[in-house]
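Attaching a single structure in structure tokens format; questions to follow.
Naming follows writing order (A, B and C), and every chain is counted from residue 1.
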Amino acid sequence: MSETPLLEVRELSKSFGGVQAVNRISFDLHKGDLLGIIGPNGSGKTTTVNLISGFVKASSGKVLFKGRDITSMAPYKIVRLGIARTFQMVKPFYQLPAYKNMIIPLYSPRVKALAGGKYGDRNAVALDLLEEVGFERDNQVAYKVASVLPQGYLKRLELAKAISLQPDIMILDELFSGLSLAEVASIVPIIEKLLSEGKTIIMIEHRLKELFRIANRVIVLNFGEKIADGAAKDVMESEAVKEAYLGSEE
Amino acid sequence: MNKRKERIDRGIKVRSEDIFALSSWREMLYLAAPRLIPVAAFIVLPLLLGPYWQRVLLSVAVFALLAISWDILAQTGMVSLGQALFFGMGAYCSAILNHYFGLSPFLTIPVAAVLGGVICTLLLMPVLRLRGVYFTMVTLIIPLMLERVIEATKIFGGTEGISGLAVLPSKWLELYILMAALTAALFGFRRMMTSDYGLVLTGIKDNDRSVMNAGINIYWFKIQALFIAGSVGAFAGAMMTHVYRFVGMPVFALDYSILPIAAVMVGGPGSFAGAVLGAFILVPLSEALRALGGLRIVFYGVFLVIFVVGLPEGIFHFISRKYSQFERWAEVDK
Amino acid sequence: MLLGTIIYAVINSVILILMSIGFNLTFGISGISNFAYGALYILAAFVTWMLIQLVGLPYLASALISILFTAFIGALMYRFILMRVRGQVLSEVIATFGIGLAILEFFRYLGFVGVEYALPVFIDESFMIGDVYVDAQRILIVAAGIVLVILLWLFVHYTSTGLAFRGIAQDERTALTFGMDSDRIATLSVSLGAGLAAIAATVIIPLGTISVSQGYDVLINALAVSIIGGLGSTGGVIVASLVVGFAQRFTDTYIGSHWTMIVSLVAILLVLVIKPSGLYGKQKELEERI
């Protein structure tokens, strides 16, 4: 683990009108972590991700990436700095084939900069990336129009789009939701490979069993507040977490 | 026995895919015809028509350019009700450059096209961050207001406008410059929209959040699309100033905003070819219906509604579908 | 002169409020920008005129029928045309625009132009406020405007339909889960907007003659006020109308009547530069639309 945290979240808060969606959340993320964010529905997980990735403006608090304040930056700038996220509701460009969907992230200035100013053949890169996330090349799945692809492939497409930006931090919002056990089992190795390549990952999940196998650290949110932070095993034993998920006896 | 309609590619389309197109003249002709016919028409029509219909052809070209300009914006997700803004801005810019600075039309037209595009982009930039309907409203209002402002303050000639402007050396030059511009615009922008750059633009229309999430500054791209579309419209305006040798308030009139939209709706949005086709249909039609006077605009309005609600794909897509596919009733197999 | 200017500025502002409130309401409730608004305004005026001149009904009855008729046309517009393209902003705009165009130009074609196309004033008298002449019709306009705004406020805050409107305006998805019929509400919103346009026409048109170009002017004014005040906000419409109304009137008195349109244009441009979503605009910028 390196000394300076890659991502520092300090007292991040957001209220929508009267609703306090996120209340003074703080945590650090170190390079190589796989951080799980869990919590009951409505606990502010997606809002926290929206705050970090710039899609929602924070009411107060700070987010620092590699020491730099990104709290009120526009989303596209944050992506260019190196944080990529996926969306819970995957919405590809339905009338385009899967590989054409990849063209747009590959058109991003970040990709061009990382490639040394050259554009290269985006179609080829797209096909390669899709193969890495499990689009079988011999079945030419990557050429199929997005509207005919099942959810498992669409989720992988979303993942591939994030990977193509070569980010330092990847935030995956409920990647496993809507997938069968087999599909999840086939995606987990991809994530482990990303970790071994030096990426840092945050995963919001409801599928706790699968998450705990790969996450080295877990944060639990409830009603917008962080109620637990630690190794997966310890967090599961915590009384506060049990109460949040299962309710108390009163 | 239940039947369903099924659409199958025509034999000739399949036979002309990829390298097999080279196998015979018929296949090559099938592919080439849709591209050659318009180009041939653009070259040949000016020669075939008499002076009156040549004037109409000029009008067709202008409205086709305005329609293409509208389509560029529409494909990026911006609905403009004010093509007249681009047209009028280009018209006045070139008139001013000619009248007050004495520049020749060969200079004023290109400069006015770019300048007009820049000014319009600057005017509309602030609303690009907001919901699309703001853009629509502002594009509707600004030309109408400019019309009234010119009338009230009498600048640039006021209600009388500026007349006696320079003209291009020959009528043939006017016509062929416009035809060339139209051809370039039609094929050039089709190329642009199918390229990766165009994919980003249509992506902005489809799902702007996703494009932003890819690290792309969508506002910068919208600005670019706006500038391109604005310059095309301004070019049309600048050309017409030197054809009619006059500019006045009417260049901001609603007509220049509405007819392009009707043309695109009739011809079919999203393909530029539809825009041009629509212009070729509607402009001569409106000339022929001149006798009906104000009733024409009523027809435009009704046309707009019918096509937008009933045949949103437009005539061009309908034809192109028929060109490459045929339909038949097939049995629904169990 | 100052008093006169202020009085007429207030009147001007109320006129703007009356002209804009229907358009703004329709948008605020169902997100539909009704570009046929100006046409409906003129339609109401002509219907009233025809009922008075051709059928011989008394003014009040004609006005009432006209208002209901226009509201009905609004409902028809939604049911038969807009409903098919609901959600596609491009098609909605073009469809309403086409309808408005067809209506307005149809009246122009019929030749309904001229001094005889006018609606009578309610009371043909003038009053003196201070040392300024104000005719009864204008006072009626102000009264009507104030009454209308109050009634609308009560409606939206205290009746179940009104509350349903606010619910849908705030969050359509959630409102739908409460069993509100989105199409029915949208029909009502277009209808209500049309009716308000008709009411505005009834009180304002008597000031002059019915002219087709006024139809376009009404649409421009409604759009301008909505842009400046913020689409969907009634408070914004009121404030924006006051601002523009006063600015126009003072410009007219102290600078020159030709410059009043420029005032509106400048106001719009200023708003666009400083706060594009309008003074009271609740338009979330792109980033917040998650």
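To be clear about the criterion, a residue touches a chain if its C-beta (ideal position, glycine included) is under 8 Å from a C-beta of that chain, and two chains touch if they have at least 3 such contacts.
Because the structure is a prediction, the values reported are computed rather than measured.
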item	value
Farthest chain (mean CA position) relative to chain C	A
Between A-B and B-C, the pair with more C-beta contacts	B-C
Chain A-chain C separation of Cα centroids, rounded to whole Å	47
Interchain centroid distance [CA atoms averaged], chain B/chain C, Å	32
Separation of chain A from chain B, taking each centre as the mean of its C-alpha atoms, in whole Å	42
Per-residue multi-chain contacts in chain C, two or more chains	287, 290
Junction residues of chain B - those touching two or more other chains	209, 212, 218
Interface hub residues of chain A, defined as touching at least two other chains	55, 74-75
Interface residues, chain A side, partner chain B - complex	53, 55, 74-77, 79-80, 84-85, 87, 91-93, 96, 100, 103-105, 107-111, 122, 161, 165
Chain B to chain A touching residues, read off their complex	196-197, 199-200, 203, 206-207, 209-218
Chain B residues within the chain C interface of the complex	74, 79, 81, 123, 126-127, 129-134, 136-138, 140-142, 144-146, 148-149, 151-153, 208-209, 212, 218, 254, 258, 261, 265, 293-295, 297-298, 300-305, 308-309, 312
Touch list for chain C against partner chain B, complex	27, 33, 35, 81, 84-85, 89-91, 93-95, 97-103, 105-106, 108-109, 216, 219-220, 223-224, 226-227, 231, 258-262, 264-265, 268-269, 272-273, 276-277, 283, 285-287, 289-290
